[in-house]
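Take a look at the structures below.
Below are two complexes that have subunit A in common, paired first with subunit B and then with subunit C.
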Partner chain A sequence: MNSREKGDKFIIPALIMLSCVTIYPVLYVFYLSLQRRLLIFDISRFVGFENYLFLFRDDRFWNALKNTAYFTVASVSLELFLGLSIAVLLNRPFRLRGLTRAVILVPWAIPTVVSARMWEWVYNTDFGILNFIIGSKINWLGSPFWAIHAAIFMDVWKTTPFVAILLMAGLQVIPHELYQAAKVDGAGSWTTFKRITLPLLKPVILVVLLFRTLDAFRVFDAVYVLTGGGPANTTETLSIYAYKVLFQTLQFGYGSTLSVVVFLCIGSISIFYIKLLSRGIK
Partner chain B sequence: MFYKLVAKFLFLFLFFLVLSCSQKGDNSGGRSTITLVFKHGKIAGDPELFRQIIDRFEIENPGIKVKDEVLPASTDEQHQFYVLNLEGKSPEFDVLSMDVIWVPEFARARWIKDLSHLLTDVERSDFFPGPMQAVTYRGRVYAVPWYIDAGVLYYRKDLLRKYGFPPPKIWQELVTIAQSIIMREPDMYGFIWQGKQYEGLVCNVLEYFWSNGGDILEEEKLVLNSSENISALQFMRDLIVKYRVTPPLVITAIEEPTRHIFGNGKAVFMRNWPYALNIFEREGSAIKGKVGVSALPSFPGKESASTLGGWQLGINNNSRHPEEAERLIRFLTSPEVQKALALTVGYKPSRKSLYFDKDLIRVQPFLIQLHDIFMKVRSRPVTPYYMMITQVIQPEFSASLSGIKTPEEALNSAQRQIEHIFQVEK
Partner chain C sequence: MTKRISFYLLLIIAILYCLCPLLWQFITSLKPDYELTRIPPILPEKPTVAHYISIFKGYPFSRIILNSTIVAASTTIFSLIVGSLCAFGLTKLKVRYKAIILGFVLSVSMFPPIATVSPLYIIIRSLGLRDTWWALIITYTTFSLPLSIWILTNFFKEIPDEIYLAARIDGCSPFQAFQKIILPLSGPGIFTTAILVFIFSWNEFLFALTFTSTPNSRTIPVAIALFQGIHEIPWGDIAAASVTVTVPLVILVFVFQRRIIEGLTAGAIKS
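Moving on to the complex of A and B:
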């Protein structure tokens, strides 16, 4: 027995554990997704890919997919941009840096549901602080245009600190000598950022993007509490739609189909990023 | 080494399993006392008052203990809790309190017991007809109405008197009155209601459909995109954009925000459930003694209608103590307890006779008026499909209120989607 075989043996318990808690549920949901299963009518029969075909005719699914994609792209790119700026700023020595770093984490530390309730008040038409500050009477959560942007803004507020902290950690491992060398060569701060900081930060940026994209694509609690998917489903994401189909209307077959779609999307996003990441490291 | 570790873990696991089993055995074997578990939403007001009522049941029924367990605040979460546990055949709770729209669904799924034998015909006639209809599925009764709710119109008595208007009977009158009062009273809204995409929106919209002679189902036939419904929904949109008596904020409003606005004296009319009355009449309220309640207006030549809400008590089909559970339901829905609940937490009794009870009327004189409204209350479609229907119509109603779709487009689209749902049983 060589050491490789020995190693394989040692991961067997972990594999068994994993298959119980993740692989089995995933397979079971896939099996459900091939069924027409309606609890209250005692219906449960195999329908093959009928549920998947119905996806193409289901406007509400496409609407949810569109909202989810928009939410993900908009919030993740804003968070990355803001997070990177904050990280770079906070990476310079200045007084009270430690305190600032701690304070900036506060939004991230507040539980999502609590912050969603908080923002519900911030956006309130009559008593909300946002309208008070900018002196308007905009119905943020009631307008089809503003509601999704209000949700994105809340997510950016909440998760930018997380992005900033991760990037800051990445910045700190970049050796100082490189910056000194750049200075000696007469590079300006923008060139230094473009030629040294960004390339060396790339692996961390990709990890941040991976985490954030997955989280944003599955977004449920924040938006569900803030708007419930309304007005007129303009903020209904895939997870919210799947939740409603599964637990409010009890269509376990079609609900599982939706969950499988979310799973497949997330799977492909992860594979895409991981490919990029492994190429970057080589 | 590895196997030894596994064996040790297994041993520990079994040990705790045995331990926990034996503990359970000790509890249930104790002197033939049985424990009923009663699941319900949060009881308004002081929980101690409700506990006192339960204590009375325990004294009257030696040998039965009642554990009342409060569910999460949102009705969606309560529904989800019941669905998961009832489908999983959990015997962990015996009596459950249900929203009026869930009963046919739970009955169809055989999650709750048939309670037809619990109410004689004479007794059934003491309950309001609306809730009685809502707990009856295919001729059998599956729950007992506990307390009743219905949409009512709140108005500012003082302002209507000041400008010489009677309470409106027709929707158009309401618009005229609201317009002329808000022109002369600065910083006031005309008419507020609940327009967020949620169950309450359906309650609001149905009141306009019904008061225009429309409906969702007529004898199992879907009539959602009728001309009556289209013009009723258009009227709701017009309240916001054409007549401008309703502020756009209603598109995100649920009950409490509208109750706050009206309670601060900032609106002439409000549609809400009766619970707000007790709050408005409290000491220190800005509008104490200035609030009137009436049935909601209707369209010309049609009947006023209000949507039925409220909670019903049923028994888990997997309950281990169905007979004791029946006793608890009888107790909780008895006239005495309903009266006590009306006095302490302001719940409106589901029994008609209590609205002529002298003690109750002395403290809450508005009950006489509510009686007439409750007599005409209508229930949302009584069908096991209801939860699916409401998931389709909520976003469509919301779309037409916020102007993304015309009422006609919204209702046509909803009609198509529900027709698709109706094919599921085939």
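Moving on to the complex of A and C:
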């Protein structure tokens, strides 16, 4: 190893870009969050932690936090369940397996915005195919109860492929002999799944949960395009609320405070999962 | 036998579940306006390509496709250059704090975009880059770097050190060895990275929505999100636009599914 020359100059461009476009903005956003800053009036004044204190009185923030948490828990658990089912289903040799895997990947590859507008049309009250199929007249995106569930369902459709693909890769690493041994011992397929597949798949499941929880928690485009946060803010997630405060009411100070909150939540979620993962490895 | 039938039945349900909304969008795009509001809403009686013509005529859609193509292609190239240099340094050369650097790169991939969008907006505005391709290219390149570095590091690790050292003994500089030996040997890895970075930049919405303001630099997702008619939502045009921009992605997926799956799992499982 000592005979090697230094590689610093090869990694410096990447480090400079990452520092300028991610690290510096994160420090800057924290600084902004301590200000009262209104872009249109050119007001910017240091106010300390006033914005953070305002969070406690801001019902809309708590509402957004609640929506985000509900969206995250519901969609991630559904995705895990469906993704696992698809992974187990496809984890056997059959003809056209490659083609099937490609088909399963399609929802993942479609731009989120496109899938949101696609589902908006499917959910249309009067002319949507969904109401036609189930023979109802439900206003999916206009009713406070249904709108959030419509958004969750769309997210599940869009991201289940990602979950399924990762879990499939995890399944393929499990040695075949284990299943044969279980068969010899007379274990049924459910017992085999519970005693062999699940425990051995646990690390992969945790990684998938980490990725999906982070993505669901910072969800923006899917819900923003589908419902715009409405009706009556029932689908407004933290990212959507932050975006509206930043770019619609142009309050850069308070909007940045909301962004910092999202950042801190994401940070805690990552640390939580990484702790779980490293404990599993030991 | 029943087991076999139920297996294929489940398989068909899964496939339909994945494809149906897209098929429905395709059918919608072929319907003339008056058929869109017809009940029952099944197949078009008089299929038409009018919506496909109208998005290119009544709307600067070709310019928007050009924006997206340039932004996504440039991002892919820059991300590959910067990312492969970094991955090469990390795998074949002596770098201090290697583990910390890799950990730092990975943690950046977890940053929520909303946390950086307000300061980046201020920076981009003060640099006069608002509503330009560069605003998006720089941002996307950086945000795709963790993925590029991670996948390429995994690929470069597979290349035996002896090959690199042999090139050095033959008189190559580290950069020449990288350019002439390492890069040509890691074609599949570079390709995989390129596809994933391209799809990411083609689909990104939040930064594109914030940094662009006119069709001069607006990308496809923003244009589709902002699609509006004069009186009512032009469902047929939206469907046609959706289908147009999704077709290249579907082709990518069908041709390169093995590579994509490899990239996704390398990006996730090995950590």
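In this section, the second predicted complex is superposed on the first by the 264 of 282 C-alpha atoms of A that agree within 3 Å, B and C clash if a C-alpha of one lies under 4 Å from a C-alpha of the other, contacts with A are read in each partner's own complex, and residues count from 1 in each chain.
Please note the rule applied: contacts are C-beta pairs under 8 Å (C-beta built on N, C-alpha and C of every residue); 3 or more make two chains touch, one makes a residue touch a chain.
Quantities reported herein were computed from a predicted structural model and do not represent experimental measurements.
When both complexes are overlaid on chain A, the residue A:73 reaches neither subunit B nor subunit C. In the superposition on chain A, A:139 makes contact with subunit B only, while subunit C stays out of contact range.
In the superposition on chain A, A:126 contacts both subunit B and subunit C. Residue contacts after overlaying the shared chain place A:105 against subunit C, while subunit B stays out of touching range.
Of the two partner chains, neither subunit B nor subunit C is touched by A:88. Legend: residue contacts after superposition of the two complexes on their common chain; A:263 is shown touching subunit C, with no touch to subunit B. More residues of subunit A are touched by C (comparison of subunit B with subunit C). Of the two partner chains, subunit C is the only one that A:22 touches; subunit B does not reach it. Once the two complexes are overlaid on the shared chain, A:196 sits clear of subunit B and of subunit C alike.
Comparing the two interfaces of subunit A, the one with subunit B and the one with subunit C have residues 13, 124, 126, 247 in common. On the subunit A side of its complex with subunit C, the touching residues are 1-2, 4-11, 13-15, 17-18, 20-26, 28-29, 32, 86, 89-90, 94, 98-107, 109-119, 121-122, 124, 126-129, 132, 157, 161-162, 165-166, 169-170, 204, 207-208, 211, 214, 217-218, 220-221, 224-225, 238-239, 242-243, 246-247, 252, 255-256, 259-260, 262-263, 266-267, 270. Across the complex, subunit A meets subunit B through its residues 13, 36, 38-43, 59-60, 124-126, 139, 141-144, 227-234, 236, 244-245, 247-251.
Of all residues in subunit C, those touching subunit A in their complex are 7, 10-11, 14-15, 17-19, 21-22, 24-25, 28, 36-41, 82-83, 85-86, 88-90, 92-95, 101, 104-105, 107-108, 110-123, 138-139, 141-143, 145-146, 149, 174, 178, 199, 202-203, 205-206, 210, 220-222, 224-225, 227, 235, 238-239, 242, 245-246, 249-250, 252-254, 257-258, 260-261, 264-265, 268-269, 271. Against subunit A, the residues of subunit B that register as touching in their complex are 2, 76, 79-80, 83-84, 87, 105, 108-109, 195-198, 247-252, 257, 261, 384, 387-388, 391, 394-396, 398-399, 401-405, 413, 417, 424-425.
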